[in-house]
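One structure, pasted below without further comment.
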Amino acid sequence: MIQVGIFGASGYTGFELVNLLRRHPEVDIRFVTSKSQAGLSLDHLYPAGPALPLIAPENAPLSEVDLVFLCLPHAKAAPTAVAALEAGARVIDLSADFRLKSAAEYTRWYGVQHPAPNLLPEAVYGLTEFVRDQLPGARLVANPGCYPTSILLALQPALEVGAAAGAIIADAKSGVSGAGRQPKQNTHFVEVAGNFSPYNIGRAHRHLPEMEQAMALWSKPAPTLIFSPHLLPVPRGIEATIYMPLRKGWSEPTLRNLYEEIYAGEPFIRVLPAGELATLAHVLHSNCCVIGLSVAADTLILTSAIDNLVKGAAGQAVQNMNLMFGIDEKAGLI
Amino acid sequence: MIQVGIFGASGYTGFELVNLLRRHPEVDIRFVTSKSQAGLSLDHLYPAGPALPLIAPENAPLSEVDLVFLCLPHAKAAPTAVAALEAGARVIDLSADFRLKSAAEYTRWYGVQHPAPNLLPEAVYGLTEFVRDQLPGARLVANPGCYPTSILLALQPALEVGAAAGAIIADAKSGVSGAGRQPKQNTHFVEVAGNFSPYNIGRAHRHLPEMEQAMALWSKPAPTLIFSPHLLPVPRGIEATIYMPLRKGWSEPTLRNLYEEIYAGEPFIRVLPAGELATLAHVLHSNCCVIGLSVAADTLILTSAIDNLVKGAAGQAVQNMNLMFGIDEKAGLI
Amino acid sequence: MIQVGIFGASGYTGFELVNLLRRHPEVDIRFVTSKSQAGLSLDHLYPAGPALPLIAPENAPLSEVDLVFLCLPHAKAAPTAVAALEAGARVIDLSADFRLKSAAEYTRWYGVQHPAPNLLPEAVYGLTEFVRDQLPGARLVANPGCYPTSILLALQPALEVGAAAGAIIADAKSGVSGAGRQPKQNTHFVEVAGNFSPYNIGRAHRHLPEMEQAMALWSKPAPTLIFSPHLLPVPRGIEATIYMPLRKGWSEPTLRNLYEEIYAGEPFIRVLPAGELATLAHVLHSNCCVIGLSVAADTLILTSAIDNLVKGAAGQAVQNMNLMFGIDEKAGLI
Amino acid sequence: MIQVGIFGASGYTGFELVNLLRRHPEVDIRFVTSKSQAGLSLDHLYPAGPALPLIAPENAPLSEVDLVFLCLPHAKAAPTAVAALEAGARVIDLSADFRLKSAAEYTRWYGVQHPAPNLLPEAVYGLTEFVRDQLPGARLVANPGCYPTSILLALQPALEVGAAAGAIIADAKSGVSGAGRQPKQNTHFVEVAGNFSPYNIGRAHRHLPEMEQAMALWSKPAPTLIFSPHLLPVPRGIEATIYMPLRKGWSEPTLRNLYEEIYAGEPFIRVLPAGELATLAHVLHSNCCVIGLSVAADTLILTSAIDNLVKGAAGQAVQNMNLMFGIDEKAGLI
């Protein structure tokens, strides 16, 4: 059994992770922490949750676990990662702290010095389907952001073959759990219900550099990305509609063949048949990413959907854990 | 033109009031205040709102207005009422401060000393339909709570004639705006969407003594009230389903006649035809209270619906204002 | 492995059942039928569903299965039950056809002659927790209605001990899936979103006789039931707030002890601690029934919540199956 | 007073129109029709509606009105328009029948022969802000589609000056009332709540040719349009996020100046200040179109929001009526 600890279990991502791991056949949850709610039990925060006691993070018995998951705010996760690694545990970090390879970029987008820049080279960017060979040996995995997961999985095959003829536009829409559990004015039920709002559009959202960094690995030069997130009045789920101008020679059938080939055998990626589009209903509460393709006016239009808390966070983290520890990639996820 | 000021315009009730009053043909809004948002303009908080500047409450020019509306928390409203009355303005208080006639009861339910107990005898409990004669001369009106408005309007005719044979049960459901604009965990979109929750059931909610006080005026002895509020995943609206055991001799047709007679000519009360039940769709964004009646197992079952922000707060306040100032009761409300 | 067939798999209940059974460790789904959608595959109707082919009901290979589940409209289920029993299969009927013991009552409430009255005496009313001893030998189980499940589980202990002093009121609220998948005006998104509606209140809903029949087994004479259902703007879940006037001598602590004792060890019933109330969030997507108790004004107020599609339909059916076939009651349900 | 009749008053657009017109100070509603609901009264369909009797369309007294509004399905509206014009009434058609100038294009997109092609040259495409001079003399106005209104108002200034350097992408999201009141599987509450779905993306939606026809009037050659509609889980409202690659020399400040100049004095168009984005909350239940502008990666990103039932249908129809009859453009709309 893999012994794990979860830092930041009181948030939506942490709670989703607890729920996945307590049903996982090869995992023991040894501790769950919460800075603000230490001393309470998890079912006090979530009526359907298990009665796990939340401990203060400084009391976490790091030496007793094989792996820790960090569901902490950025800049808080990195120091915990350092401590965990020193104690001999491996780390899957669900914050943004180890996603960007450049400490300077990190500072530019997150406004603080990176707390542990020396670990950046070692961190594996855990978009599982494309780093399977790096996971077994990894000590530190940076779990991708929710928007990047939905968009990068849709873009990868077309980027890899150089099909893009210019700037790519990703118009993405996310449920409210993506904004965290902390109550704020813009997550108040009365403000969200019946509403729909773009935010941080263009090239302003922190997930942009993370996506462009990955795109640059697959396509040189990588096309510019325009990324426009929107807040959907639903609790969970992300849908991205993505527009890629195509080079000559790429048609819908050739692209469909490409995608079906690249994603053949993938347990959690489903390329939809012609004429079908990705919706949240395809993926809620599952670790799947569903991808639809169509072409219009020499533009590839991809529709991609994930559950932001599962494939976009906790589910992909479990998938990464499974590969890090050499067990069935699907364990605990189906 | 009636010159008015609004204290606490940044909350949902205050904003609803601003919207009603700025379309009112005989009202000038002279000032709107907000303690926390002073210096901003109202459209900064509400995208569809007017560009009215929010001033600090201490800067409100009380001597320039005929009337102030208080959309303040309890215990904050009463001192402002005192100041306004001293400056010569009349007051409609939408808080709970002047609803209970007994300062001791106020302390019991609200946990603080009453800030102005000497004003309690003078305050008119403004359930408009039943205090029309007291409003023209009133200096201080206590606008009823939202739940009490929906329940008392439904109960009054049957109570007045002594139809109740025992304890009354009011099972009430309210939209989230009733919980205020301040973000809290239990108003976070993710916690409310898809959920439904009872709270403060039985005899625990602060609106209970307010209702029993009014019931005692209509029926001696007044039947006990059991009142169970629930949080609905909708922005606005209250529906109450009310159960009153009947004395011998009361049937659905005789009760229907009674209600139709008592509410004949009322501009904002609609008694539904036999077989029809009150729903939120009957009343959203209107000042109407809709009441359905049926009888089963010797029990009168009333269904009552209002918009909590209109007839349950700002709309009834405007209706009261109209009568206080001798203008058409419907002005600004249709 | 238990070989099963599902009639009516295209509706919400049938689809929920398919999802539970395909993850069940001791079940093989041999066929799923749909009268209107035969020839299509289930994932054509539900984007997240499995690719099971829907066959016409008349083509179902009854002799190949140990058990059939009937998710059919009333009066359609009974003839299929007859055919299945004749072919040697056992039957769990999720329709209303075998819930009422009296064919005359069935006709009164459903407006048609009962298609198989001779089977009524044999049918076990499958409120699992109270018929465990009858299930192993049962050929035909009538799965309880969704509202009755939520209300009867909450009432049983207090009724059994004779705590009720008079008529009981059950004010219940259900999500829209309870109204079926067939599109109707009153399930149109625009009509439901932001709305809340009582319907068939008092003694008019078809679930009333089913509840009174069960209540009469536990308490003689059984108290009258007033039952008021309401439509909630959520996809799934039922919450019932239930009011029972108490005989002398019953207090909240004695009742809580009673409930905790009766439900001790129950895998799917959870009696909440003092001060906690049942909400949909306690039970969504689970087979649990959560029950809260409080007493006010000599009245026991029960709050009860279930997922109408799980404990209120498909989940309870699986629980019944598990007991009929002598396997772990929790198999496939946790 | 303008005497009007409304064909198709039982749908969402027709009902919205009735509500606007019965509060309009210069309009008498002489009749409202419904083919399927004739004989009922409008409040039978809409609990908050007025008690207007719905008559069969063939009984409409066309000679008694100055104007008819057609809220009918395509191909049903045109024959009624012919009859109304012959009877001497003017016509505002809210269907698609007179929007496209080419009968061949109409057949291509709507699959039927045009019922009255000889009227096409005369019909004014009523995007009010750009055809004010044509409305006073118009006999027949084709009210624009909901999506086209939101997108064309946002595009016009930039198109007019030739700022577009290539294909334009409009990623649009609409509330469910846009799909009509007829219950269908994809408008069932359970299918829509919590979901989000693209449909008819690329160049497949019937509103595409209508938009390209208008764009061609403003820009020669007009850029290609890629248009991707999505279904939002809200009752009403459209938000469109629009991407236009820019020619050299166009910056956000110059574009903002352009938009502010072109829309200066417009009563129903609001250009948002820098940094603010259009949301549904800006426009629900109002006749406003709100437009936000930003530039990223040489691309103009426009966000545009309207209420699909008001500015996208009934409200714009009233605005057109006001100009046709020479009264205040804002009458009945504020």
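In this document, chain identifiers A, B, C and D correspond to the written order of the chains, with residue numbering beginning at 1 in each.
In the analysis below, a residue touches a chain if its C-beta (ideal position, glycine included) is under 8 Å from a C-beta of that chain, and two chains touch if they have at least 3 such contacts.
Since this is a predicted model, take the numbers as computed values, not measurements.
Visitor: Looking at the contacts, which chains touch chain A and chain B alike?
Guide: Common contact partners of chain A and chain B, which must touch each of the two, are C, D.
Visitor: Go through B-D and C-D and name the pair with more C-beta contacts between its chains.
Guide: So, comparing the two chain pairs, more contacts are at C-D.
Visitor: Comparing centres built from CA atoms, which chain ends up most distant from chain A?
Guide: B
Visitor: Distance between chain A and chain D based on Cα centroids, please, to the nearest Å.
Guide: 39
Visitor: Can you check how far apart chain B and chain D are, centre to centre, with Cα atoms defining each centre and the answer in Å?
Guide: Each chain reduced to its C-alpha mean, chain B and chain D end up 38 Å apart.
Visitor: Roughly how far is chain C from chain D, going centre to centre by Cα mean, in whole Å?
Guide: 46
Visitor: Residues touching two or more other chains, restricted to chain B: which are they?
Guide: If we look for residues of chain B contacting two or more partner chains, we find 191, 193-194, 233-236, 279, 281, 284.
Visitor: In their shared complex, at which residues does chain D touch chain B?
Guide: 46-48, 193-194, 279, 281-286, 290
Visitor: In their shared complex, at which residues does chain C touch chain B?
Guide: Contact set of chain C toward chain B: 167, 169, 171, 173, 191, 193-199, 201-204, 224, 226, 228, 230, 232-237, 239, 241, 243, 245, 277-281, 284, 292, 294-297, 299, 301, 303.
Visitor: Give every residue of chain C touching chain D within the complex, in rising order.
Guide: Within the complex, chain C contacts chain D at residues 12, 175-177, 181, 183-185, 187-194, 233-236.
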